[in-house]
Structure formats: C-alpha cells, structure tokens
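Here is the structure we will look at.
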Amino acid sequence: MIEAVGLTKRYGKTVAVDNLSFTVQPGRVTGFLGPNGAGKSTTMRMILGLDRPSAGQVLIGGKPYAQLDRPLRTVGALLDAKWVHPNRSARAHLQWLAKSNGLPDRRVDEVLDMVGLTKVAKRRAGGFSLGMSQRLGIAGALLGDPKVLLFDEPVNGLDPEGILWIRKFMQGLATEGRTVLVSSHLLSEMALTAQDLVVIGRGKLISQSSTTEFVERSTENTVRVRSPHADKLGAMLIDKGFTVREDSDGSLTVSGALSDEIGDIAAGSGVVLHELSPQRGSLEQAFMQLTGDSVEYHAELAETGK
Amino acid sequence: MIEATGLTKHYGKTVAVDDLSFSVQPGRVTGFLGPNGAGKSTTMRMILGLDSPTRGKVTVKGRDYRSLHDPLRVVGALLDAKWVHPNRSARAHLQWLAKSNRIPSRRVDEVLDIVGLTQVAKRRAGGFSLGMSQRLGIAGALLGDPEVLMFDEPVNGLDPEGILWIRQFMHRLADEGRTVFVSSHLLSEMAQTAQDLIVIGRGKLISQTSTEQFIKDATEDTVRVRSPQLDRLRELLAGRARIADAAASDGALVVHGVEPSFIGELAAANGITLHELSPQLGSLEEAFMQLTKESVEYHAAD
Amino acid sequence: MTLLAVERIKLFSTRSPWWCMLLALGLTVGLTAIIAANWDGSPMPVMGAVFTHTFGLYVIMVMAALAVTTEYRFGTIKSTFQAAPDRTSPMIAKAVVVVLLSALVGLAASFGSWGLSWLLADDTSQLALSSGNDWRHVAGVGLVFGAGALLALGIGALVRQTAGAVSIILVFALVLENVVGLIPNIGDDIQNWMPFLVAQKFILGDPDPSGIPDGAGPPAIGELSPWGSFAYFAGIALAIYIISLVVVKRRDA
C-alpha cells in the first residue's frame, strides 16, 4: 500500500505537487493520470525517495522509502527504461541490481525469462530497441519480488503483443495481492488496465475512485435501443419523461433511463427489442471533462490549409 | 494516394519487406499495423525515397517520390520527432524546411500556431519534451499543405489532450480529402482513429481492409443479455442447437453465434423481460493477435 | 538559389559553426600576433605572417565536417532528403555555402594576421605585398581553407559520424603525414605527395628571395610548383567530395 499525506514539492517558486493526499490499495491496478506537468513524475520520484518532499510525506507499507530495509524487495519501479549503462549486458545490469539487495543470482534468470529476454541476456543494453529496454526495466522492477510496483508509461515502445502482455502481467501482479501503480497518458489503454484511478492536475488531487465510478460520474449514460416498433416504444418513453433521440440508422438513444426500466416498459406492452445496450462514456471523455483547465499546451484545431 | 507494388527490401541477407503491394486511399485515415520488425518503418522510408527498394516500387500520387518537384508540398511526414538539431530553434528548423520547397515563411507561423507551439518557437528544440518535439514534427509535416500525410507513432509522448487533438486532427485532414497514413502500436487508439487498415507481418501483407471488416473477420460477435427471467431464457436458447455456449458473468449471459434481434424476438414471443441486450464487438487487439500470431519478434513467457 | 538559402539558415541557426569560425580566426591571428611581437633581428617576411594558418585550417575543416555529420547525428539529413530527394543538389548547395564561408574565414585570418604583423613587428621592411608571390602567401590561405572545407565535407558525408570524420582529418594531417617521412628509403618520396604538406607549399613555397632570412628555408615539401601544389590539393578534395556525392546518392539515408 502507498499512502501520500499532504505531499508537496516546490522547485524554486514553481509548485510541482501541492498538498497531495491519496492511497493506493493492494490487490488492484491503480492508474495514475494527469495532463503533462501535473506532477505525476515528481510524485513517483518522491515515492521512491529520489526527490525529497518540501512538505508532507509518502509512505510505503507505513514507512518512507529511505527507511526500508532492502528496498528492492519491497518496491519495484520502472521509471525510465533508458536508465541502463549502454555498454553493459542485460544480465550484468540485473546482476548488480540483485547483488545490491542481496538477491540470489538465479532470480536474475527467472526475471529475464518472465519478460522474454533470456535469448538476448548477454547482448549490450545500448543496442536494445525501446521495447526491449522496457522489458529489461520491468525485469529490474521484478527482481526483488516486491509487494509494491510502480510503472511509468510501461507500454512505451512496446508492440501490440508487448502491450497486451504487460497489461495482463500487471493485472496478474495485482491478483497476487500486490500494489500496482501505473502512470500513463494512454487513456484507452488505462481503461482496459486500471481498476482504480488517482487523477491529478496542476499538482493537486482531482479525483480518487474506481475507474467505473470515475467514468460514470462525469459522462452522461445513455441506452441505445433498436426495435421493429421503435415509434411506439419511443412515444411511450417520452410519455414517461425520458429524453429520446432518433438516430439516422433508426435506432433510439435514450437518456435518463436505465436499460432495466426500458426493458420493463417494452415487455409490459409486448414491444420486441432487437438491441438494448447501455452506452458508457469513455475514460477519455470523463478525463477531459474533469481536467479541462489544467493542461499545459493547448493546440488549436485551426484551419489546416492556407 | 500511395501505391506499393511488389515492394521488396533486403538488408544483406535479411528480408525486411517482402513483395508488398497495397494502396492507401485519399479521404480516409489508414492505419499501418504490424508487430515489431514487420517492416513498417522500412516501408515508410521507401515511400519517402530515403531507402531504395531492392525490387518493386512505391509511388505517391502516381509518381516516384524522388521525381516529385517540391515534394514537401505533396507529402508531409513525421517519422521521428527527434530528427531535429537540438541547438536550432523550432522556428529556424521549420524555416529551412519551408525555404527548401519555396514555401512562404508566413506558413511557418501558421503551422506553429496550428500545433500550439507559437510561444516556444524561439526556444532550442533540444530542450523540448517528447510531446513538444512531436508537435514540432507534425508542424513540419503540415508545412507544404500536402495532400498526403504520413505519421509514425504520432501520439508518442503526447498527453491525453494531445492524443485527442491529434486524433481529431487526422480525421479532419482525411475529411478534407487528404490521404492520411498512420503507423502505430497502440491498437485501442488506432481502433478509434483509422477507418482502413494495412496490416503486415514479417514484411508481407497480412490484410488490407476497413477496420470494421478486419475486426469482423477475425473475431466472433457475442451478445450480452440480462433479464429477470434469465433461467428461462437460458433454457430457450439452449434448445436451439445452433446456439453456442452461454457463459455467465456478473449475472449476465454472454451468447455466441446469434444476432441480438433473434434473442429479442425469442424473448418477446415467450413474454420474457430483457434488461440488457447488447451486441459486443470484438476488439481490434483480439483481431490483430489472431492474425499476426505467427509473426512476432519476441515472445514473453506467460 | 533557394537551396543555398536553406544551407545558410541551417549553418547559422546553430552555434557550433560560429564557434569554429571564431576559433579558426582567433587561433591564426592570435598565434601570428605572438610570433610578430617576438620577431627579432631580421625584417619579418610576408610568409612569417601566415605560418599559423594550418591551425585555423584544421578548425575550419572540423566545422565543415560537422556541417554534414550533425545532419546524420540528429537525423535532419532525412528531412533534407525528404525536401530535396535528388540528394545531390542539397549536398552541392551545402558545399557552396561552406566552401565560400571557409574561404572568407581564411582570407580574414590571413589578412588579419598580416595586418597585425604590421602593427607588432619591429622591422616591417619586407612585409609589403609587393609581388605576385607575396599576394599568394596571404590570399592563398582563402583558397586552401575553401579546398580543405570541401575535403572535410566529403569525408564527413562518407563517414557520417563526427568523431570518425574529425579523427580521420586530424590524425591524417597531424600524425600520418609526418610519420610517413620516417619510412626508410621511400618515406621522403611519399611525403612529397601528402596533401596537407603539399598545400603548405602552395602558401609558403617559392618566396621572393628578399623575403626570407638567410638559411631559413620554409618547410616547402613537394615536387610541384606552388600553383601546381594547390591544384593537387584541390583535386584530391574535389575527388573525395565527388565520391561522397555518388555514395550519398546510392546509400539508404
């Protein structure tokens, strides 16, 4: 479990992280979202004791990182896949990491196998593609078999198979009861990966909730209905006070009603349904709704032509 | 429009691209997908005349790239956002590009504005974040107001707002009748962006079709059903021999192999109330994994 | 013409070419100033004012090599070829801009050195530019800088790496050409055809008899006349440059 209490970081006059409090639960994959410059990286660096908070604190299993005994056995992190000496082999890189925390050598081979790098273990890391570096970084995070894992943009540079692999991998780690915190800008990916979300903007907490709740709270839920008796059903739904919009393909989009209610009404008057699908907003829509004011660069959707 | 015919590239004994033929249509966003090492980058480099094909050819609007006059006015491309001299300002970078194809320098300010970099135009590009470099690369692609645009991993380094922006932007470019060709590994993103797909693996064409068709061909549609009389419905469905297994999950049935309308009619005829009847489409990711199984570079152990 | 403007923008929108040019100028003129101020006992000859041009030459060649290797290092070569896919025209434009600029720096360095010697030397009776040979000693530096830049561009385009190109140039000019002379029997004959030494003969060779102190012959090596020496040096530069054009055109970017 990770716990931030009043966490604050100033760089000169800039406040990167501003009185931030949140908790990350074990057994779940928690997404860490925010626009550029929101303070995500700074927060992750403070969790790992790389940066010192200006005020407040962040605890891992109740202790600050610096007080952990053999930290790699408690926390594994992948912040930047390029933090590897380019002339060192993948195995040598993992070996010194293992040694520094009193981990047995055989664990190096285990994690190399887990990430699929066994065959290239002896090649120098400088020649790795971004995807391979990413896997090496993940291997490093897993070395100490830690209870808490931190990932920053883990799918960066991975190909579709790698992306699917790391998603399942993180979910697997959470299922084993570990705490998994993942920061990413790829919302469509996070919607598939994260069960919980911590969302920040301009260094402040915007929301902490489950992903489902986050999306439901800030987007409108509608129900898409197709029926051979759409006119009749539409009229009945309007009578009940729901908003009904007819789409070009003849289907109805109903706002303000649960699909259960619509189903009951249809069944009550013998209307045949061909589709009755609750439409959920996307994580992206919800995110844009909530972080609208806190983005760094706004690009115009200006005319592209001359 | 981009057209490849029998395109082949060997590097020594390695065959990077192997007898590849496809065409990219104007007015659509076409996704270019494939596992690592499938030959996507090599193909894009050959389209731009940076690498020469060993055999076959690829043309842009019917012509070899190297024979285009003022090519930046025909094809705009972002292959690697880091292809900028780090000590040169964003504006100077665009200025020399503009100058080389007789593009007026006021266009430099226009594209800087389009991508939202006007405020940092005079800063050296080496100090840019990946997201800003990406925007600069996009500005470079737009300079010549080209009819054909190519992007390699355009959302790389962008934050959610930037990702949404570039997706809408690419749609708009296509709506204006331009040819937009985008390579990416982010399938959930591509599913929202690309109308057509060209999928390659080990240098060979695996599929060229619309995104919708691609998913339909490789995945099975299912229907999610909830009802207060679920057991009855289950019996009725099981009675029809053609119906595949129905697996329960959070109190819903997931039914394989029938249209939702069939279930709807069946329910109505038997007086069964439905609380949900949602067709579930397969994902681009499932379809992609299904079709490219054979051609991935590194397999991680599960 | 537009491609010349392109190369000009590229060169002047980063700082390293400025530094290189200033360094080439400062090194040549500065070292001459020290020599001129300490020139005792005899009138300072024109040649004495341009000895130091070799230092400037190496720096300007580094600048020229960088003008092409940084394009490879930072990937801008792809944008260059994307913008001008025939490849030869941007490479020629780059050569025109870099060579002209280098020649100008060479002229500024040699005339600067010569002018400063007027101010600093005790006896300037031999320093006037009174013959064609005197003019060659000074103005020739511009030509050598230009040709040297062309050679460096060719090497840079062939090697594509800054470190590689710079070491080839410096190791060849500073070490190899001198070590070659140590080979028994044939060493001297080979040395007579070493391009940088030959280029020095163009600048320093065949001074007017009045222009040299007795018994202090300049290190003018080679069997060619001064102008023949320049033709030889420039010919090598042009040959390497043309090879680089052919290779760049054929090679994958």
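Of note:
Should a chain be cited, it is by its letter among A, B and C, assigned in written order, with residues numbered from 1 in that chain.
Heads up, the rule we're going with is that a contact is a pair of C-beta atoms (placed from the backbone, for glycine too) under 8 Å apart; a residue touches a chain by one contact, two chains touch by 3 or more.
This one's a predicted model, so the numbers in the text were calculated from it and none came from an experiment.
Farthest chain from subunit A, judged by C-alpha centroids: C.
Of the two chain pairs shown, B-C and A-B, the one joined by more C-beta contacts is A-B. Every chain gets a centre from its CA atoms, and the centre nearest the mean of all protein CA atoms is that of B. Inter-chain centre distance (subunit A to subunit C, centres taken as mean C-alpha positions): 58 Å. Computed centre separation for the pair subunit B/subunit C is 51 angstrom, with centres defined by C-alpha atoms. Centre-to-centre, using mean CA coordinates, subunit A is 22 Å away from subunit B. Residue numbers of subunit C whose C-beta contacts span two or more other chains: none are found. By the touch rule above, subunit C contacts subunit B in their complex via residues 2-3, 5-6, 9-10, 13-16, 70-71, 74-76, 78-86, 90, 250, 252-253.
In the complex of the two chains, the subunit B residues touching subunit C come out as 45, 48-52, 65-68, 71-72, 75, 77, 79-80, 82-89, 92-93, 95-97, 99-102, 140.
Residues 33, 35-36, 107, 110, 113-117, 129, 131-132, 135, 142, 145, 155-156, 158-165, 168-169, 172-173, 176, 185-189, 191-192, 226-227, 260-261, 264-265, 267-268, 271-279, 285, 288-289, 292, 296-302 of subunit B are the ones touching subunit A in the complex. Listed in rising order, the residues of subunit A touching subunit B in the complex are 33, 35-36, 113-117, 129, 131-132, 135, 155-156, 158-165, 168-169, 185-189, 191-192, 226-227, 259-260, 263-264, 266-267, 270-278, 284, 287-288, 291, 295-302, 304-306.
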